[in-house]
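Naming follows writing order (A, B, C and D), and every chain is counted from residue 1.
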Amino acid sequence: MTTSGAHSWLLAALLLVPLLGAVVVTALRGNDHTAKLAALAFSVAEFVLAIVSWVNFQPGGDRLQQGFSLTWIPSFGVHISFAVDGIALVMIAVIGLLVPLVIGAGWVDKLPEGRTKGGFFALILLEQALTVGVFAATDVFLFYVLFEIMLIPMYFLIGSYGGARRQYAAVKFFLYSFLGGLIMLASVIGCYSMAVDELGAGTFDWAKLVQVVHDAPLSTQIWLFFGFFIAFAVKAPLVPLHTWLPDATAEAPIGVAVLLVGILDKVGTFGFLRYLLPMFPDASKELAPLVLVLAVAGVVYGSLLATGQRDMKRFLAYVSIAHFGFIALGIFSFSSQSLTGSVTYMVNHSIATGMLILVVGMVIARGGGSTRVADYGGMAKLTPLLGGVLLIAGLSTLSLPGTNSFVSEFLVLIGSFPNAPVYTTIATVGMIFAALYVLWLYQRIMQGPLRGDALLPGVPSAETPGTDGSGAVLTAQAATGTKKIVDLDTREKLVLAPLILLVVGLGLYPKPVLDTVTPTVDATMCQAALVDPVQPAERQVQCR
Amino acid sequence: MNLAAEVHQASGVAGAAWLLLVLPAAGAAVLLLGGRRTDKWGHLLGSATVIAAFVYGVLLFFDTTGQGTEDRLRDLHLFDWIPVNALDVEFGLRLDPLSVTFVLLITGVGSLIHIYSIGYMSHELRDRRRFFAYLNLFVAAMLLLVLGNSFVTLYFGWEGVGLASYLLIGWYQGKDFAATAAKKAFLMNRVGDVGLALAIFLMFKNIGSTQYDVVFDKIGQQSTGVIVAIGVLLLLGACGKSGQFPLQAWLPDAMAGPTPVSALIHAATMVTAGVYLIARSSPLYSLAQAGDARLVVMIIGAITLLLGCIIGCAYDDFKKVLAYSTVSQIGYMILAVGLGPAGYALGILHLLTHGFFKAGLFLGAGSVMHGMNDEGDIRRLGGLARKMPITFITWTLGYLALIGFPFLSGYFSKDAIIEAALAEGGTRGWIFGGIALLGAGLTAFYMTRLLILVFLGKPRWENLKSADGRSYHPHESGPTMTIPMIILAVGSVAAGGVLSGMLPEWLEPAVGKLQEEHGPLSATVVSVLTVVISALGAGIAFLLFGRGEQPVTRPQRVSFPVRAARADLYGNHLNEALISRPGVWLTRFLVFVDNRGVDGLVNGIAAGLGGSSGRLRRLQTGFVRSYALSMLGGSILVIAALLMVRFA
Amino acid sequence: MSVISSVLLLAQEQPAAPPTQVEAPSVTAIWPILIVLGAACVSVLLEALLPRHLRWSSQVVLSLLTIAGAGLALVIYLKDAPVKGEVVLNGTLVVDRPGLFLWGTLLALSLGAVLLIADRSVEPGGAFVASAAIRPGTIQDRAQVASTGMQTEVFPLTLFALGGMMTFCVANDLLTMFVALEVLSLPLYLMCGLARRRRLLSQEAAVKYFLLGAFASAFFLYGVALLYGYSGSVRMSDIASAAAGSDRSDTLLFAGMGLLVVGLLFKASVGPFHTWTPDVYQGAPTPVTAFMGACTKVAAFGGILRVLQVAFQSTQWEWRGVLWGVAIVSMVIGAVLGLTQTDVKRMIAYSSVAHAGFLLIGAIALTQKGLSGTLFYLLTYGFTTLAAFGVISLVRDSSGEATHLSQWAGLAKRSPLLAGVFTFLLLALAGIPLTSGFVGKFVVFEAALSDGMGPLVVIALIASAVAAFFYLRVIVLMYFSEPAADGPTVTVPGAFTTAAITLGVLVTLLLGVAPAFALDWAGSGAFAIQ
Amino acid sequence: MTPTYYLLLSALLFTIGAVGVLVRRNAIVVFMCVELMLNAVNLSLVTFARINGQLSGQIMAFFVMVVAAAEVVVGLAIIMSIFRTRRTASVDDSNLLKY
């Protein structure tokens, strides 16, 4: 075992702790309570580890830190080698943050009969371990392996714990990603055999492969590019490869939806940054217009469809699709601002949308599980706090200045503008749509007179807003309590508090994240031989 | 003209300018997080923070005046906000006469309205502290808007005030129309914000920074195209925030919010942010290459001021008339700042005086509605002068100031603008000056109509009941409400006279020297002309409404212009027809496409595979001989293929 | 064998040459074959001589010992085996690295198969009919179903088949190959017909397999004849050299090759010559299906590899395109037809057709990589299938095995362990990483891609994505559906079946996680050409 | 008389056999057709031996006969068993396994 850089034990621990957790929790699944506590303990431990590893990360230092490597399949030069750079690090931190919250949010959820909390949380921890691995893998073969394995726990999470059409959703999710992955496999093999030709001995080491592939002839690059691109475009759903996401999100339990949108999909955009740009710079430049079109299409298309949804969870899926459009836009407009923006967008989207999903989940829980927007209305009267957090999550989703998402969206747009003014302008107009769908949702659920089947069973749900008078009547009914709807309890507050803190904190002082990410982004730009359109007055970004 | 020449680091008193942001923000935070616990003293805390901010503002003002004229541009760097290589957005404050002026306006009027609200919101004690929290939030955001030292920090405040106004318009969120109005306001603002954002992107692309000093320093070297583009995009932002044509439709609806909100946000401060933006960008607009941009600004201003007046003449809703009056007055300001160096100071001057009297007018309206079960239909009011004397007097003073009664504040500011407009010279001068004059007349008309229908004439409400079935018992409001009104009234009377002298050179470091041009008509002629026209308008109003009974319900059979005006000159219909409805259709269509088309294709492929599989497996008949046949066929094919490859 | 070989020797000698020149053939290399076939004869004798009640036990012991012994002999020989292989019995057999690898694979797989065959815990008396002579549907038949007797001839048959397979892999000339082909086929025909329950199906399977098999070997044989006519010899190396330059018309060569290959593809159940596969897999007793599915595939592809790489290397540019087509057809048929199968065994059968397509891709990449990749793939596939059928044999209801998919609904609730194991095997068949199936696919596709077969690889990947759907379907049924009211029970397997399944699963996992050593073996040497 | 004719004849016989397998229903007859194909092969083997002036082809013919004989044994056993069950040797009757 060779280690590169200090603190490689941290990374190893980051990989093993959730794995161990999964095992332990499975063992304890007989007793719900202990299992839940164990799961929470492990996830919190993982979060602490993530923070420690962040603290020990030197942004100025090597690109890849805290790494270690073991030989796996010598005949193919496959190694089990992990390491983190700035981008992977922040994503791992986000995973560490979200999982405990998801566990907390799912604390009291009702599961389908015959399923145990233990099993549920164990799968989540397993998924966590795998995703950490995906972000940290520095061996392309290993990356591919984890990229595919990652599907299986998620497949069972959706299929076993999901809603009515969960089988359809699970299979659809799996097949989409699996097909994408297989096509990527072709490209992986292609790169490998290029390495064989160039170096004599084949290797899957990411850094070496970059060296081998990145000056291949354009035609070759384009083929290999597409192999990776399709896989990643399915994961980070770019229109038109997105249709699995609404189904998956709609059927998955809330916590799983958070992981799906907040973490799994990020693997796609992460792949853009880690694999497409460095390995196929020419192809990336050549095909950037294509990707930009898809990205901007995603922004507009996703936003419009979000406004057209009747189901809250599908709504969330389309919102994410729009956001992934922004991320892709930032990545493929090739400026350090836009790239940094995209990375921070990945982080902030996980936080903001994660929060939004959790809050919507709390709304749904109060509405007796109905996900139809039309079943709700005027809830803020009964649950002002819930209304408040929904609004905060919404504002962060529409990236209002002062919330974390603003920083990233601003960076993406301002960074993309110099290279891709037209696309950026269209995307900027997308900001209006964002406001539209968020406020629409907030109005339908929280504002107006109290209404909706979910809140007032028996009272016909008013598609058209009822008059104020009837609203008053309904309020009276609710007060007399045909159905008891309570505001946030302590557990929910505890789950949401850190998110709100981050939403505001990172909105006002994003520097820590930016400083961690920017050096890695600069390194990526150098690998892809990209130059900032707007150069800093005093210094030019130096390539190591 | 090079503004960024000497920007100094702020120190001493000015060094603590961050207090201006922190005080109200902290107030808001405490009230929101504190929850019910703070119900008892929340309103006091809210007011206290703003008053404290005002006090500091005054200190800051004197500290600034203490500096030499050329040392009055000061930056206060707080921390790096968004630093990524070339882009370095710092979170800093710009302390110069312009921003300090706004600080005084915002905190001053803000304090008054906080105090006023204590009384006004006494009906709904349960939520009062949340109301104050929102007000504080607004003040903080507005201060950030005017204090920020880069366009990004400005944008931060810009959207922050948008949020606050969204929350406050939607205050009665149980009512759908309030919620809708709030949403509408936010969305139309966003349209403007997009313009502002794009302007910022352009700056970064061409200048490489978004800090005021750098931008203003380098803007001169940019191509005309860039300059005009930035100018127009900034204007788009201004239109959104300041309810200028074509984005004016949200402002009247915004009156769904409580009256103090209308007074503070939708009359005195937030809606004037557009004017601030253009004045702040004076180094850009003052450039010779920016002529076209400036012309667009003036056109927008002119159109809006007319449009506002005309609609104002037809409305029967107390607050909405005032709202449209605001629209048109801001039109004046925009027109003024559009005039360039000749107008920045005048625009700001009018902005300040307008801040005083319009806030006063709104508070008066609020006081009236407070006493009349929230009745806003002026046809159901009347003869209230005796019932609420203080309100009547203060309101009348504000009214006189607005219509430009000689030597009240409106007289100084508005006349100056008209004069400057005429002084623009040539047909331009005549057109804009003429419009401005006409506007003055119309303003006098609708304001007089308002005055008569509300305070004078016979009381029409005596045998009426309000919507919630109560009969009206008009009464004067308590001191917390009247005192602010009085103060504002004083302001409306005096401000113009006081400020018009000193403001121009006070602002000079920020917006440049006021260039007095002399148009075809001399100043005296212009002011006489204005007064005459205003008097004319007022007179006509008296003739129409002063005598005889006024119907309680608005007459339906009226001339086309009136109908058009009542329909906001079809602005909303236009939005509806051009944007909303097509948008809805498009969305429905896309949803269909996504389910049937994109997803349908995927499922179609799956179904196709399944179907073909179902059909193909029928070939597995179970008969040995058919299997043998397939084998034979296969082998024949293979051999044939082999031979063909070999021999052909 | 030696008799055959010496006669053949005569055949190859010039007629004039006196037979005295025959020297005693060296047999160290082929001890494994000799052991297996010898033991087969012995066990026939046992059948004849031992009383009924002793047969089962003695047969089981004998078979296991035989396989163990053959394995031992193999290991011993491996120590000092020449890397370039050695020719024995005057060139009828050539024992080279690939051949040895295939032997190892076959022995290991047949060990598992024998364990399954010998098992009597799952079904009292084992999966085989008490006496094949009893007519189905009669009283005696019902009696034999209940009885614990068993047609122990299965064991000698198995051993003969195994011997045939091992010979088939190392045959150096086409005639030996033909004989070996029959030696491995004929016992299988019989074994298919020996199911204890559902005997009609079983017999039907036997008939179909037999008729079609005979039909196919006729093709094979005619191909041999034509090639003999073309090159004047049936030794592969001679054919190769003749193909390199010969005055005879190429029609003979290519027609002959076509027929020959068809015969082989039939055995390997490559589409469109797969038609027997689903019926026979479904009808045959599950242990036999496991044996066929695993071992026949290995042997057949061993033969295909040798024929293509040794005999037809030089003409590859003529025939490669055609086999491309065959591979595509096979993958498509397997993947698409598998989608709508309702019987687990049939489903696996179609999956085997698809896998045959993948294997063929490796086989037509005439490189060292292609060879080692295909060999490795065979190893992985064999064990996975073996274990899969082992698991299938455990899910039973009153009328025997419950192979209809609808009966598998909600199985995970009844028996999580079995569901878990089967899921793992299905994922391996689908080629999910960390299972041997993935590594197998990887090496084969890698070889194909580096040999310039990109498009074929892409088609293969898409096919495997489609195939993944029907594996998922089973998983969905087992985990996400509610169990049927009168669903099947999961029998607790006895030692034998448990051992077989464990073997398969362990190997599948091991080769998925740490494939290095097996890859090295598979890549340790090329075919010996002489 | 050139050996080519023998080759053609054997090809013809092979084809007849193959067609027979396709068209005949009776299992026995089908099997006989297979035997016919094998013997067609024998013919061509012998012919080629003749052409090549070798013995080996003829020897192979013997091998084929032996193997064919073995095949007959197995085949008839199977066909017999199914005949006893179904009282018919028609291959079309046994198609329980399909689709």
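Heads up, the rule we're going with is that a residue touches a chain if its C-beta (ideal position, glycine included) is under 8 Å from a C-beta of that chain, and two chains touch if they have at least 3 such contacts.
Predicted, not measured: the structure shown is a model, and the values here were computed from it.
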- Among the remaining chains, which ones contact both chain B and chain D? C
- Item | Per-chain Cα centre nearest the global Cα centre, belonging to chain | A
- Winner on C-beta contact pairs when B-C is weighed against C-D: C-D
- Message: As a quick test, compute the distance in whole Å between the mean CA positions of chain B and chain C.
- Response: 80
- Query: What is the distance, in whole Å, between the centres of chain A and chain D, each centre taken as the mean of its C-alpha atoms?
  - Reply: 66
- Separation of the C-alpha centres, chain C versus chain D, in whole Å, is 25
- Item | Cα-centroid distance, chain A relative to chain B, in whole angstrom | 36
- Message: Going by the contact rule already set, what residues in chain D reach two or more other chains?
- Response: 18, 21, 30, 91, 94-98
- chain B residues touching 2+ other chains are 617, 620, 622, 624, 628
- Task: Enumerate the residues of chain C that touch no fewer than two other chains.
- Result: 207-208, 211, 215, 278-279, 469
- Listing every touching pair of chains gives A-B, A-C, B-C, B-D, C-D
- Task: Spell out the residues on chain C that touch chain D in their complex, using ranges where they run on.
- Result: 4, 7-8, 10-12, 15, 132-133, 135-137, 175, 178-179, 182, 186, 189-190, 193, 199-201, 203-208, 210-211, 214-215, 217-218, 221-222, 224-226, 228-229, 232-234, 278-279, 282-283
- Note on the structure: chain D contacts chain B in the complex at 18, 21-23, 25, 30, 91-92, 94-99
- Note on the structure: Touching chain A in the complex, chain B uses residues 32, 79-88, 91, 152, 155-156, 158-160, 163, 166, 170, 173-176, 178-180, 182-183, 186-187, 190-191, 193-194, 197-198, 200-202, 204-205, 208, 583, 586-588, 590-591, 594, 598-599, 602
- Task: Enumerate the contact residues on chain D facing chain C in the complex.
- Result: 7, 10, 14, 17-18, 21, 27, 30-31, 34, 37-38, 40-41, 44-45, 47-48, 51-52, 54-57, 59-60, 63-64, 67, 70-71, 74-75, 77-79, 81-82, 84-85, 91, 94-98
- Which of the residues in chain C come into contact with chain B in the complex? 207-208, 211-212, 215-216, 219, 250-251, 254-255, 257-259, 261-262, 266, 272-273, 275-276, 278-279, 318-319, 321-322, 325-326, 333, 336-341, 466, 469
